[in-house]
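Sharing a structure, written as structure tokens. Questions coming.
Read from first to last, the chains carry the letters A, B, C, D and E; within each, the first residue is number 1.
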Amino acid sequence: ASSSPTLAVAAASDLQFAMGEIASAFEKSTGSRVKVSFGASGSFVAQITAGAPFDLFFSADESYPKRLIETGLAIPESFFRYATGRLVLWVPNGSPIDVAKEEMQALLHPSVRKVAIANPAHAPYGKAAVSALQSSGLYERVQSRLVLGENISQAAQFVQSGNADIGLLSLSHASAAPMKEKGRFWLVPVDAYPPLHQAAVILRRSREAALAQSLIDFIKEGEGKAILERYGFTLSSEAK
Amino acid sequence: MELNVDLHYPLPKGGGLQAQFSVSLDSPRIVVLFGPSGSGKSTLLHCLAGLLQPGRGEIRHGDTIWFDASQGISLPPQRRSVGLLFQDYPLFPHLTVQENIAYGLRRWNRAESERSVRGWIDRFQLGGKENRFPAALSGGEQQRVALARALAPKPRLLLLDEPFSALDLRTRALVRAEVRRWVEEERATALVVTHDIVDAMTLGEDLIILSEGVILQRGRPLDIFSRPASPEVAKIVGVENLLPAQVILASEERVVLEVGKGRIIAVGEAPPGGRCFVSIRAEEVILERGRPAQSSARNRLVGFIQECIPVGAQVRVVIDCGFSLTALVTRQAVEELSLRPGAEITAVIKASSVHLIPTE
Amino acid sequence: MELNVDLHYPLPKGGGLQAQFSVSLDSPRIVVLFGPSGSGKSTLLHCLAGLLQPGRGEIRHGDTIWFDASQGISLPPQRRSVGLLFQDYPLFPHLTVQENIAYGLRRWNRAESERSVRGWIDRFQLGGKENRFPAALSGGEQQRVALARALAPKPRLLLLDEPFSALDLRTRALVRAEVRRWVEEERATALVVTHDIVDAMTLGEDLIILSEGVILQRGRPLDIFSRPASPEVAKIVGVENLLPAQVILASEERVVLEVGKGRIIAVGEAPPGGRCFVSIRAEEVILERGRPAQSSARNRLVGFIQECIPVGAQVRVVIDCGFSLTALVTRQAVEELSLRPGAEITAVIKASSVHLIPTE
Amino acid sequence: MNWEALWLSIELASFTSVLLLFLGIPLAHWIVISRWRWKFLVEAVVALPIVLPPTVLGFYLLMAFGQNSPLGAFYESIAGTTLPFTFGGLLVASILYSLPFAVQPLATAFAGVNPRLVQSSWVLGESRWRTFLRIVLPLSKSGIITAFVLSFAHTLGEFGVVLMVGGNIPGVTRTLSIDLYDQVQALNYRSAGKTALFLLILSFFFLSIVTYMNRKRQGAEGGTER
Amino acid sequence: MNWEALWLSIELASFTSVLLLFLGIPLAHWIVISRWRWKFLVEAVVALPIVLPPTVLGFYLLMAFGQNSPLGAFYESIAGTTLPFTFGGLLVASILYSLPFAVQPLATAFAGVNPRLVQSSWVLGESRWRTFLRIVLPLSKSGIITAFVLSFAHTLGEFGVVLMVGGNIPGVTRTLSIDLYDQVQALNYRSAGKTALFLLILSFFFLSIVTYMNRKRQGAEGGTER
């Protein structure tokens, strides 16, 4: 395995399930190896700034990749919007709340004691969740019940395991196998928060820039595209 | 009321301690345990205190069973009300002299406890050191503190393992007298291990000779010192003259023995078998000038002085009179008789001072 | 070559140890340190070993300066080549008997080191225990191992702090003889602290009396025992009769003194001032029946027996003869003279046995 | 400087280390004196958190105390709240997590007390328990300090468990560790740097005083070296 | 079960605790014997990681060894790579982080050795250093075991620092702690549960053997209780 070229990928945690599939499909078709680390997009920027040896960074927004380009850590030409993410309001099956009917007001339901969101300090989904709460005027009332996942996956895990009652999660998590059957969700309207355009960049340190580019291409027009769609990502066609 | 001991404590590497004796608890009494290094004295005290569990046997203190192997009873040390002084007299390093002595007096009222501690400090000449930690005491001072700590709670049975080993002559006499007094005032019983002959003679009315884990003899100190029951005991109590002998004539109350190339007369019965040991304490050998006639009451042995060794205020004189005989005389006698190696001398031994020990 | 000591060690709470003496290193020699508990004996040894730093003074060993306060020199213990036996004879608990004894022999070759250890085990009767850990030894066994450990590396100066305190009579005599022999074979020098009079007399050619941190007297053991320089020394070496006296007549070589209600004659010069102490060892007092006439060479004092206390094989007899006089006699004498309280008796003391100590 | 987070961390570490002394002292004592043949199993259980990553502990806590679990439901019916995302939850986790860091030095210290001293106390009539209080405990002082300091430290440095079961709630579960982590992840280096520097100076100052005092005290009690 | 992560964790903890013994033993010895008046400052520095959250440490390491810092640039010019996000970086972080967990028990143990034994050795001609090797060290055995076990454990449980300077790179810096955390986030409860259970059993088994052996050995050496 050491002989085959290896790609280190840092991926936003909303890609937790999709990227796994993409990586194995890509490995199969190219014979290379892909090592994926998941985490909050902001955390990766901090790590990359400190010299983390990643080749490719898939963010959950487009401002973090832009920042890396500004600081000279990423290759500007590689910037690519690979998808747009969606925010959902998710409750487990056992919950008395009818999210489809109550919509954002579900957060005020008496059974809700803990609301899980991602940490807005460094996770784009967290920022989006806070915007959605603010635009619906619920933020002040809900604030004291918020529990913050370090990233969107942890927020999802808090609700899914029953430790929180409701969560503002990503559509990709809600669509993934471990959660699909376990709960219901309501898709938060796109106008409730700034759009989650998600972009990827190749990092300057990368010694496998060509291979990284082929992974981007794999998503742009190859098998990757379909996989992302399956996890509820809408794909943006325009590059840059 | 008696303390009854009948126990066997197995020692990990062979042997073991076998002890069977009883001590009356009705009158104040000090029993001295005397025996060579490694004979099991400390082990015995630790068994009595409940710190070691004998393998077999029982210990009864009056009506209370302290230990019974067959019934699986073993009273914990706390409930035996003994006072134990360990041979290495360990003190609690984080407590001062005062606090160490007061350790066992927790249940006493404050004033009484303080009075008692004060008293021990005075009696044991520890004044001025009451607030020191043990690390700032000399060896002998530590030993006295440990002793006071063991005595202060007035235990019914006192177990002292060489309580005076670190004390000088005068302090030793003083502390010994205090222990003696304490035992009488409290009507207590004490078992005291000691190596010191003077301790053994002046402290107790009862002496137990222990050797290799076995009790060899028990009795009044004076009796044991002058009439040891076996050659082994004779050696332990320091009999200087222990000579193999052969009976050559035994009348009603006189025994004539051949010792080496000489002859000795003793009173009493001849031992069975004809062979025996003659035991004579060096102090009982008197030296004289001249060659007087033999008499029946006294042995008069002529010989030549081999060695004169000063021992304290006395002198040990070794004489060859057909066998090697040791006498212990004053320095005055040495001068007056001008005793010196090579000189001819007569050793006088009363027939009644000759003690016969049968060979086993 | 001499060991020169002149030091002052301040003790935290008042007083301090002041020692000034020298010991020749040219011939094998044992100096005994004798003194009451707390007099500073251990402190002195620790200063010599380099474990305590004196406040003032210096220590020189031959040409080597071991300690000099004014120059700020203090040789570390490792480089003084001394053998030290601590009073509490601590052993290395994680090493066996063998390993403990061999501890200082690291630089020796293997065979020699083993031979030496073997030798000490035999000499100190530790056979069969060579592979035990110290926790499985009796007190006396531990002390012997510690002593062997100190002797094995053949140090030039041996410092022994009560080396025989945990040993019984016989073992003590044996070990004492071994130490003596070792010192002579190795032509070494030893400073030995002991409380035991027999040790003091038989072990060394030199005795130092220490009390409250000060050297009171130094000399041959026999001289000090019979002619203590001060009442304090007399008490320390156990002189039983120390009596305040007044000179009433002093001729050329005879002094007549009034002691209590009696009189005593001594030979020698009268002390200045007229007042002094009379020091008489109890062994030098002889008891007789009858009332013979006074002579100039002997004091004959008639009195009544007050007490008879058996002490070991001897008996201490206290007589009231105008003052209280103690005699130490054999039990044989007690029988023959039928000594018992109340009986009239004559005490005979040679004039030359009466030692006069000036009052300070 | 996030004072709330600082205070929370100190509070958590203090509660944990004090409770651990109360829990650890009898436990360590039992481990040292017991002659029970299966004792080693108990010892192994106590030592478990030593080799278990904190996240395993966090995982079990999340699973065991989630609403879906019987234990979680039971706890909720009593306490009215779930254990995760509360200070109580962190406390429970910390105590489990730091247990061996208290027990280990305590047991070592207790076992190191000269048995002769313990026996001396027994013979003087003091029960095992009172002997423990009067002799073993005071003579284990430095072991107790070590236990306290290490469990305090270990709790203060706790991160994994807090991250897993804390939920990062300001004033409740956002400890200083987490707060600083967030600042760094949010690229607030300036603010993170300030916090870190403040802590560094504060800690150094505090520790200097403690060690200095400690030395003073030892000097006073021990007397001269002999 | 992620063997790679398990192995990495064990490797990191082993290296760290062994290196810490080599570092901690002389350091603790110095702390115990030195009479230098400013010693307490050194003690305070050694103890610093005790009160500093691991993330502070992580932050400083990131800052100090990042590409932008002189130190980081220097290191990179030699090693060809930056220190963070490498095994070496984790090792350095772990050693700093666990230092007091090794030094504290060691210093306590060294200070507890009877000074009479040390002096006996000096008088027998052994230097301070050889005395330390032959007497102090063997008699501090249980303190050394404690130091090793605690620093091993503390490293194994390390999470914050690893997350900050490790970056979760499989096979390089993804320790078991992190891996389990990831599995839980990926909602792989089954796999996380398996990992956790495996670790639990393995740890328990391992610890039981160690404590059992330990008891056996003590029994053999100490002789009977006297």
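By our rule, contacts are C-beta pairs under 8 Å (C-beta built on N, C-alpha and C of every residue); 3 or more make two chains touch, one makes a residue touch a chain.
Keep in mind the model is a prediction, meaning the values are calculated, not measured.
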| item | value |
| --- | --- |
| Chain A to chain B, fewest steps along touching chains | 2 |
| Path length in the contact graph (chain A to chain D, fewest steps) | 1 |
| Chain of greatest Cα-centre distance to chain C | A |
| Leader among chain pairs (count of C-beta contacts) | D-E |
| Approximate Å spacing (C-alpha centroids) for the pair chain B, chain D | 56 |
| Between chain C and chain B, distance of the C-alpha-averaged centres to the nearest whole Å | 22 |
| Touching two or more other chains - residues of chain A | 49, 161 |
| Junction residues of chain E - those touching two or more other chains | 62, 184, 189, 223-224, 226 |
| Interface hub residues of chain C, defined as touching at least two other chains | 12, 88, 132, 136 |
| List of chain E residues in touch with chain A within their complex | 62, 66-67, 72, 81-82, 84-85, 165, 167-171, 174, 182, 184-189 |
| Residues of chain B touching chain C in the complex | 12-13, 34-38, 42, 87-88, 128, 132, 136, 138-141, 144, 161-162, 165-172, 195, 197-198, 200-202, 221-222, 225-226, 235-236, 238, 281, 283-284, 286, 309-314, 330-332, 350, 353 |
| Partner chain E, residues of chain D touching it in the complex | 9, 39-41, 43-45, 47-56, 58-60, 62-63, 97, 100-101, 104-105, 108-109, 111-112, 115, 142-143, 146, 149-150, 152-154, 156-157, 159-160, 163-164, 175-178, 180-181, 184, 189, 192-193, 195-196, 199-200, 203-204, 206-208, 210-212, 215, 225 |
| Footprint of chain C on chain E - complex, ascending | 114, 116-117, 119-127, 130, 134-135, 138-139, 221-224, 226 |
| Interfacial residue positions of chain B with respect to chain D in the complex | 49-51, 76-78, 80-84, 86, 88, 90, 92-94, 103-104, 106, 132-133, 135-136, 149-150, 153 |
